[in-house]
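Order of writing sets the labels: A, B and C. Residues in every chain begin at 1.
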């Protein structure tokens, strides 16, 4: 998902064009520009609906990992945050993130205007000037914006009020995410600097993780979580849902990483997309198996929630560079992600940062690992630049998020009262239980 | 999803052909006819499997919104209705709906014969005469027929007997739906008249809604729903499932609306498909947010089931014309759909029409809104014609459905006895509980 | 999914090439080799992610059909087995299954080496030598290997230990499956013999079924299942999940069968893929309706779990030949699959083979039916050859699986102790309940 990818793709088609003039080569010729446009647009559409599906994955994962008294609230937040992201990204985000020539501050701040798609029935001559449909690109990119917001909701579950969370989502999806993402994918200063983040280990996952971390610190832990110097685990209410959510996210990730190739109109591009699919899958598998073995070795029992988060951490880890690694490298990169989760979850608990679903280990910490390790397989990157890029995004997201959470805290208040928290947000805030007929233990 | 779309698509390819003869233009040439055939077929296949997935969405939505004592029955109905639709559409529906030259009554009644697909290994010269594979078109269209039946099952849940419901499904999917759909998509009298319904706000959603409405009136409300002049809500047993179902439907809708472009072999068509994806998504978001705000304002609490139905109503609203509106128009069209749901659900209750999942507000009433508002963004349509078309389909579906429900009532009986209804259809009718181990509250 | 399919596909493109030299034919020309390469690769990628999704389907189906005390374990096994399959298939399986010229024993045993994908940014001239991206083919084939392992986990649920099951999975996915699959799809002795199994009724489904059968016999039935000469049913804990799982599998099967066409770069191929989609769908519908009717007739009540397994049996039945049958033939083939399930489930119980989810009837017995009936619609096959091929694979899988289960039994032990089985594997083996807050009945 590098903007600079666009130009080579078109250039490549142009280069092959003369060869096409020889009729005897026709059968082996590269697809024409219009066919390439169609194929790349298909990549965005299919990739986009797969990433859309991740919104359902986050909803199920989080609904499964909270206690049953907070499930309706968690579901409501997930539907609402996706919907708000969709609207904000069209009203503000897309043009703020891809400013083209219209930077407000070059390399740092894009332009403010709403998204307008191509005219209906666009004639081929006009469209062929571009590499794919703007509508498909918008559709695809919007899903990444929504994913960033999804990451936040899990960490802050079971105690945050609905409306302040939604206000945060509006600012995050309309402003914070598009601004930081423009620094790399909009051709901003990070991309100039040589930072590399193929599909968003930093720009999406760690960015969401930093917004969540700031929120978790300002919001504080759930009542009873850290008491008498001990960590009291609150088991998730429905591990079948959590597992379903993980499988949904895994599926959606093929679109997330594969679609970030941003081109499918040449043999080279589709071959790269294939490689990305294979690497994405094996990294998830590596993360799951690493967490499986680690929890067996460390605790004597396999922990399903760790295995699920291990798979997700594997996915986050490979997201910064799903193309260059070999299958073996991808498996190892994912496996380290899985190991990270097993250590980072109790570490956060020691710091009394209460992350309900483990989103900070999975998205922020494995996001760092994935970003850092790009330099292993991609020659033109450096570990130092990767660290600088990560730190830049992290500092920005943490600071602006903390400021916003703080403002929300002193104005609207962000935390439900103790009675609501103890009795459940569903009854107190929404008046609807998710499972009204199943007795609670 | 206009049959007339087919011819222009082929004509366009033909028009571009001469330009292709100039070798120097080859790289920018439109895809050849055979490539276009492949790409459009892919659209039908991918669109088709996405709409198939909506069958699961309806099943989960409905299973989540009924009480746990009726979940097995609701699941059984959903699997069975899809299966029956698949068989009936191949035995009768497809040829009844797309009569081509073989109308039994021109513009009104198609022809009766079973579907036969192309020969295996079809040579290119034969296939190239057509714009896409017949098999893919059949696969895609069949899913719309099944969707119509899915809409009915939710409204009538928790009190209708299994077998009369399945008999109704057989007639609906084999006859009612194909007949009314042929009036527009088969090139019948409504399409002649200038009625416009791109992907089926009227032909699928409102049609299903009218069949459901007729059934709800004849079947009567659930015991205890309207008692002592008050409405007694029966909360759904599993809102996580209902939310999952909504996300599934939202995902499937990209295929529903996007696939209804019916062509993907040109730059113009794939650009239109992209626009449809983006508009479909934003309309759903608009519907969800509108319902979120409305329930907060009206009741002081956000109502998740309204938000879910708001998203679905947004989707239904944009279905009649997902291509022409701008993103802003699409968001507003969807938002009005969401508002409609919030008002229509209690309105139906006032009329003592017991619609268990809210399918009539979502599919029929928002379906009317979506059909009506086509004239806002599509110059060649008129509000009057849209109303006439909607009323024609509505009257037909309501009358034939009411007659059939009445016949079923006096022959087989359509309602379980009071004891079965109170103790649950699962135990009484099927002998299997959906959640046998979870105590009921 | 016949390896021999590859060569004709490329040959066809070559044959059409000369016609392309006539500029006046350009608009109707077949896609060039590179476009065909892209389209076939897309088939593998989309088919592959659909089959990936089946892993979630098996997980949900099985989690829904076991008792709630064993749900976490069943989910853990499903995530772990898929992850192990992914890793083993890349380390060993792919090259063992597609040996090309490097058979260790010609026609019987492939070669041992890890999978290496194409170089990044592969130039078109190199890739055009092949018919599709190796990475996409690997991705697609890997999913079939994982499916085979998924089948085993359901049968042996509720009593097998985690780690011996995972060791079995490693050997199954790394060795047993690739070896037997190479005999047909790797160009081995069964394909030489004229055996026909398009997408794997035998190679995947029955193979998994035989591995499960050997395990079920050696493991023995669950405590209390067969007591006092009666069969005691243990109802599944969550039929909504089981239904969801069935819909997921049904969706994934479009990729399973459709992708097995292995080519989409010609009009003929995409037309065949369409036909496969339509046939796959109607076979599932036929199986569901047959089971619906049979259970009504035989037991006086429709049995949802039989309907779900009926749909799956319909899918397995059409998998050996989803292309050649007409829609009517496909519906009948699927319907017989559904009938088989209704009879085979109690038959297995009579033999005291305890198959928790009905995987042996669905995958092994309907797999035999599907393999056998290929000869009905495919002229170049014979019933005898089909039986021989099925018996060969079956004998191999049963014997090697039985040996391995036996070794695991005498070394690690494969069965949990009685207390763990009675109290539930979740508490005893994993320490985490899937639904900790829902009281058990």
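Definition applied: contacts are C-beta pairs under 8 Å (C-beta built on N, C-alpha and C of every residue); 3 or more make two chains touch, one makes a residue touch a chain.
According to UniProt, the chain labels map to these proteins: A, B, C = Ammonium transporter.
As the structure is a prediction and not an experimental result, all values here were calculated from the model.
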So that we know how the chains sit together, what is the shape of their touch graph: line, ring, star, complete or other?
complete
Given that subunit A (Ammonium transporter) and subunit B (Ammonium transporter) are copies and touch, would you call their interface same or different according to whether over half of its residue numbers are shared?
different
For the two copies subunit A (Ammonium transporter) and subunit C (Ammonium transporter), what rotation in degrees overlays their C-alpha atoms? Round to the nearest 5.
120
Using CA atom averages as chain centres, what separation in Å is found between subunit A (Ammonium transporter) and subunit B (Ammonium transporter)?
31
Flagged in subunit B (Ammonium transporter) as touching 2+ other chains are 16, 23, 26, 29-31, 35, 42, 46, 238, 244, 435, 438-439
Quick check on the complex: what are the subunit C (Ammonium transporter) residues that touch subunit A (Ammonium transporter)?
13-14, 16-17, 20-21, 23, 26, 29-35, 37-38, 41-42, 44-46, 48-49, 52-53, 55-56, 59-60, 63-64, 71-72, 75-76, 78-80, 82-84, 86-87, 90, 114-118, 120-124, 127-128, 133-136, 138-139, 142, 162, 238, 241, 244, 429-439
Partner subunit C (Ammonium transporter), residues of subunit A (Ammonium transporter) touching it in the complex:
16, 23-24, 26-31, 35, 39, 42, 46, 50, 67-68, 235-240, 243-244, 246-248, 250-251, 254, 258, 264-268, 270-275, 277-278, 281-282, 284-286, 288-289, 292, 301-305, 307-308, 311, 323-324, 326-328, 331, 435, 438-441
